[in-house]
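Input: structures, listed below.
What follows is a pair of complexes built around chain A, which joins chain B in one and chain C in the other.
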Partner chain A sequence: MSSNKVEENVSATQALSGRSTSLPMSRVKLIMKSSPDVSHINQDALFLTTKATELFVQHLAQYSFRKGCGKERNALGYSDLAKAAEEAEPFHFLTDILPKKILARDYLRSLEERTEDSD
Partner chain B sequence: MASSSGNDDDLTIPRAAINKMIKETLPNVRVANDARELVVNCCTEFIHLISSEANEICNKSEKKTISPEHVINALESLGFASYIAEVKDVLQECKTVALKRRKASSRLENLGIPEEELLRQQQELFAKARQQQAELAQQEWLQMQQAAQQAQLAAASASATQQAGSSQEEDEEDDV
Partner chain C sequence: MAERPEDLNLPNAVITRIIKEALPDGVNVSKEARRAISQAASVFVLYATSCANNFAMKAKRKTLNAGDVMAAIEEMEFERFLQPLQEALEAYKKSQKGKKEASELKRKDRERKADDDNDRSREEDIEEEQDDDEGEAEEEVEN
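Presenting the complex of A and B:
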């Protein structure tokens, strides 16, 4: 089944069962299926996953804002999210995709220190 | 929204949906663009995380389809147990709403009467209606007949009176 067909089918079923989600269930299904080995997903299970993802977004945004430095400026930035990924255990899985950005000069400095050590 | 048949790995949640959620969660907070982009990618990662874990749990249970139970157990083992209560509630709510809706529509349609009975009642009503129409038609026919008869009688007596009148005139002539 093409991606389009999957999205149509899920959207139609969603409309019939009156389940509304902020994130599109059809897209969530496609992402789930792109995981290796995942074959069949029950409709309720898909709904639960979508809802859980919504809660995750809210949780990540709120946590990062509360604990981050952006709070003083009433802003949420990349570093706030990266910090949250490091500090909160459930968010550790994100560290792969959010390396803490470091300034170029800091990187160069750390390189220098390393070469000094090996001398 | 144009969807290309590109790599499945490029699938992400639509940016607009994420922006909307962030806005609702943190109203009046300025969120940098790279941060938004990051949240979109984190979503995808989360979905992969949950599906892989749920899939593993599913395989161990020797079932072929990932069930809600599998997802719930996955959330628990990955440290997202705090989400479980709320997602369960929403699922239950939806089921209740769907059930009520189905009950309501079937109530309206059947009024608790089985289909054969409904058909029988319908046939009865049709028969009654046909009979009434036939009676009405007959009445009209009778009335027409009566009216025609009366018209004939009236015509007959009129011509009779005329004849009588003309014979009287002849008599008068004789007397002169």
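Presenting the complex of A and C:
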């Protein structure tokens, strides 16, 4: 029982290089199974995918923070993530879900300009 | 099994913890950023799965294995993950082997105990039969 407690107290960062996962493998498996054409997933593959996802979260957070253009230097905001998705190749697959935000009025203005062009 | 949309999300508490430990102390992470990272992580799982599955299908296999995932990670341009993943996998396989051996030992132990119990109860049954026989003999004498 006490060994279970030790594992819980291990920080997420330590766990990243070890044999246990912070993210629940059962949940990762659910997501994987929602992918079409996937029938069976071997246990090692499930472990690796879960681990890789943890590394991904760490990497995305760190990269976005370092390169971020957030207003405060000690903060990580959505725009930092959107910027990372646009600028770093490995993060390009995220551009659809992390779109850059523009002000509504800028969008409306660009719409007007487009309709003027077609006249 | 129908999945509800929230089932395809990863637990917020864990995502938050990983983010916090990846960044220097005191960095404020907005709620919006945390949600976005969580969604990005789910998309990552889907992308990695789809990519790994392509490798499996090419090899005419129906089961995704570790090699497929590693190949997918490399294809997705996350080579920096390969080394730590390999190390983690080795540690994981060792611990799984240890667990398997431990549960094998437990199973053998239980079977041995069950056999001992059976032997003991058989002896008790034989003793009871002998007592009964003695009882019947006494009754007959009384009648």
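The rule is short, and it goes like this: the second predicted complex is superposed on the first by the 97 of 119 C-alpha atoms of A that agree within 3 Å, B and C clash if a C-alpha of one lies under 4 Å from a C-alpha of the other, contacts with A are read in each partner's own complex, and residues count from 1 in each chain.
Please note the rule applied: contacts are C-beta pairs under 8 Å (C-beta built on N, C-alpha and C of every residue); 3 or more make two chains touch, one makes a residue touch a chain.
Worth saying up front: this structure is predicted, and the values here are computed from it rather than measured.
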Clash or fit (per the criteria above) of chain B with chain C on chain A: clash
So, A:67: does it touch chain B (first), chain C (second), both, or neither? neither
For A:55 in the superposed arrangement: first (chain B), second (chain C), both or neither? both
Tell me which partner A:44 touches in the superposition: chain B (first), chain C (second), both or neither. both
Do chain B and chain C touch any of the same residues on chain A, and if so, which? 17-19, 22-24, 27-28, 30-32, 34-35, 37-42, 44-45, 47-49, 51-62, 65, 74-78, 80-81, 89-90, 93-94, 97-98
Residues of chain A defined as touching chain C within the complex: 11-13, 16-19, 22-24, 27-28, 30-32, 34-35, 37-45, 47-49, 51-62, 64-65, 72, 74-78, 80-81, 89-90, 93-94, 97-98
Under the touch definition given earlier, write down the residues of chain C that touch chain A in their complex. 3, 7-8, 10-11, 14-15, 17-19, 21-23, 26-30, 32-33, 36-37, 39-50, 52-53, 57, 62-66, 68-70, 73, 76-78, 80-81, 84-85, 87-89, 91-96
Touching chain A in the complex, chain B uses residues 3, 5, 8-9, 11-14, 17-18, 20-22, 25-26, 28-32, 34-35, 38-39, 41-52, 54-55, 59, 64-68, 70-72, 75, 78-80, 82-83, 86-87, 90-91, 94, 97-98, 101
Over in the complex, which chain A residues touch chain B? Could you list them? 2-4, 7, 17-19, 22-24, 27-28, 30-42, 44-45, 47-49, 51-62, 65, 70, 73-78, 80-81, 89-90, 93-94, 96-98
